[in-house]
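Some structures are shown below for you to check.
Two complexes follow with chain A in common, the first pairing it with chain B and the second with chain C.
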Partner chain A sequence: MNPFRAAIAVARKDLVSEWRTREMVPALAQFVVLALLIGNFGFQIDSRNAPSIAPGILWLALVFAGLIAFGRTFAAEREQSSLEAMLMTPASPVAIFAGKAIAASVLLILCEVVMLPALSLFFGTPFSGDLVIAVLLATIGMASLGCLFAAIVARVRARELLLPLLTLPLWIPFIVAGGQAVQSAMGLPGSYDQAIGLLIDFDILFVVLTSLAARFVLDE
Partner chain B sequence: MSMVVANGLTHRFGPELALDRVDLVLDTGEHMAVLGDNGAGKTTLLRVLATALRPTSGRLEIAGLDAFRERRRLRHYIGYVAHNPGLYPALSAAENLEFFCDLQDASRSRVAEVLETLGLTSVAHRRASLLSRGMQQRLAIARAILHEPRLLIFDEPDASLDAEAAEVLGLVMKGRTAVIATHDHALANRLCPRTLVLRHGRSLGTATHLRVVR
Partner chain C sequence: MNRLEKASVGAVALMLLAGAAIFFYAPTDFLQGPVQRIFYLHVSSAIAAYGCFAVVLLGGAIFLRTENYAADRWARAGALVGVVFTTVTLVMGMLWAKKVWGAFWVWDARLTSTLVLWIIYAGYLLVRRLSEPGRQAARLAAVVGIFGFVDVPVVHFSVTWWVTHHPGPVIINDALPAQMLATFLFTMFCTIVLAAVMITIRYRIETLMDMKQLIAGPVHVVITREPGGVAGPVQ
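Entry: the complex of A and B
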């Protein structure tokens, strides 16, 4: 059984389903734009304080959008009783998990495609490749953790409450390193390279750990 | 040769005993119906036999392999249809099957074949959410035979099927070992020469001819 074929099939299936139903991306995109808009009205933004306020708003919007996106990955499977059918195949649970995480990441990246230009528009901060790289790197690790906890809580009733409680503490390293990288990308003092290095380390660590854990979470 | 050998299968959900020391031997090609009231343990037994659920205690061998140590390998041999079809509503009937071909490592050329067997060719490109409950159930059966399993496990497959579909069930079971949980005694008699009756998780015994056990 080729795990890559299985992972790609799962990711493609999730993305095709989302493309046809358009349940998540339009709502998430509206949510992040509204969050930025509220942040824009809530603070007295000028050219001096925008680079220090905008990263905070960006991470807040991204974290809550991520919770929604990753929370739905396994909840929908449980609701339509399709997870068991998928797990009854010879495909490795790690491949299934990877496919779900890839699809959820792509959905979040689509929101970021809307969010990052909107951030520049509302806050007047520079839109650069460095900013995009920082956000994308954080998305990888956040997706792997978010999907793992989404798989764990999908079988309990209070999953909407439990998912943030379990996920947010472990997302803090990404928010700290990602926040530092975004601030540097916006021209504030701080080492961009060091923050990106940390993000890469966290990505590797959490992708490996969640892949190992996924087998036990999904197998029974 | 025995396809299924179960010894003392017991399963608890918390304090509740769902399956109580069930023994079972099923020969290759044999068809067996599992009867019992609601809550008798039919679904639990079928999920254990399908290796979807690890029993609290007991031993299970399928095709000579330990069902829980060799679980992933055995998934090539087992086709399981749960009570709920578990389809992807936004995908068409054919896309649902193609997706499972990828997960089963089966050739996508099987899709047209099984759609025809189950009488679903005319709705192959219709979204699963737009199919009737009976057609969804047929599609779930189609999914279960994509990889040509040796052992079929059906949990109340007749719940939404019409009389013609019962014929289809007989067709897909042909040449395979099959276990069916059902409330329909007539269907059980028609498709399965052997019957296991469960009550409160305990086997009341098997019979080669169905008699209502009360």
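Entry: the complex of A and C
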């Protein structure tokens, strides 16, 4: 069975089920708007300090939205015990994992589609292609790690507790490099190209590692 | 006294000797004064912690390949002892930093990556506590341990372009006087011995706990089809 087609089929299944229920995307969009609102009240934001505060709010909102999105990745499979059935098909565990990761990152990207314009709208920070590229590159790596650990904690008690504890430390490289890239895209000092280069390196490293590890996490 | 008890007594005696060397043999640092004596145990326990996490990595990798439960028990023991030594490193480093840099904490590359190291392996221990003991928990924890080990150099590298406060390697470029170097090497040796003894004791405890589970616990959790494990009864 062609692993790429299997992965696309799994991703399609997840996205179709999301399209039919329309649960996650509206919830995530509302969550990030609320996070921006809290950022607004937590800081005294004006036009001068907005570029130095907005990147922090962006990453906080994105990271916690990501935790919500990935925490739900295996929820349907768990509730209906369909993961075992999926694993009994000839599709390889890696392809199933890749499909899940693709679907989760599409959901997170949809949430970014709401968040990035809202950030510029509320805080008056520049909205640029550089900003979008930095956030998208970080999303790829974060999605692969987030999905792997979502699969790990899906079989553990207190999974809501463990997912942030395990995932956040591993996301730090993406937040360091992505934070740097977003800051320079918003006009703060720092090398944008170096940060983007690092993001690409981390993406490659963690996508390869998670694909190798997926076999051990899903196989049963 | 059994062998483990003898080893523990030996390790404690070595640590006391190292303490004597730190306080009475090593000269006082000209610039920093007595507080520099933290250096010996601080760096030694950091190295010991890396060693412990290497045990977690190796144990996890071997378990994933061979399903040998002894490897998993070594990994569990290494994680616990490693977290202890990382805590020692962090606390001593913070005390030293307060005196020398004027603040308990700065967001330097090495401090950040050590903190991440601590968080990851504390998470590893939590995974073990929160998941049903058995094959699944061991496999999941092995993956966490391997990712943790990979992540730390990555975090370190990604933060290094920020200003770094932490002194570079002083041992390699001959910056230490001979007496200090001798004290450091001796303390490092003693700390590594202590860590090894602690891991061995913990390994023994984990083995006993696995056996207890085998006798008293629900049968399904220890069933393994592969040889080499704490093989349980097959259904």
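A few remarks follow.
FYI, the second predicted complex is superposed on the first by the 220 of 220 C-alpha atoms of A that agree within 3 Å, B and C clash if a C-alpha of one lies under 4 Å from a C-alpha of the other, contacts with A are read in each partner's own complex, and residues count from 1 in each chain.
We take it that a residue touches a chain if its C-beta (ideal position, glycine included) is under 8 Å from a C-beta of that chain, and two chains touch if they have at least 3 such contacts.
Keep in mind it's a predicted model, so treat the numbers as computed, not measured.
In the superposition on chain A, contact of A:1 is made with chain B only, not with chain C.
In the superposed model, A:9 makes contact with chain B only, not with chain C. By the document's definition of touching, of the two partners only chain B reaches A:17; chain C does not. Within the superposed three-chain model, A:30 lies out of touch with both chain B and chain C [touch as defined at top]. By the touch criterion defined above, A:49 lies against neither chain B nor chain C after alignment on the C-alpha atoms of chain A. Of the two partner chains placed by superposition, only chain B is touched by A:86; chain C is not.
Shared interface residues of chain A (contacting chain B in one complex, chain C in the other): 220. Residues 1-2, 5-6, 8-10, 13, 16-17, 20-21, 80-92, 96, 220 of chain A touch chain B in their complex.
Partner chain A is touched in their complex by these residues of chain B: 50-54, 72-73, 75-76, 78, 80, 82, 84-91, 95, 99-100, 102-105, 127, 140, 143.
For chain C in complex with chain A, the touching residues are 64, 112, 116, 119-120, 122-123, 126-127, 130-132, 136-137, 139-140, 142-144, 146-148, 150-151, 154-155, 158-159, 161. Put simply, chain A touches chain C in their complex at residues 145, 148, 152-153, 155-158, 161-162, 165-166, 168-170, 172-173, 176-177, 194, 198, 202, 205, 209, 213, 216-217, 220.
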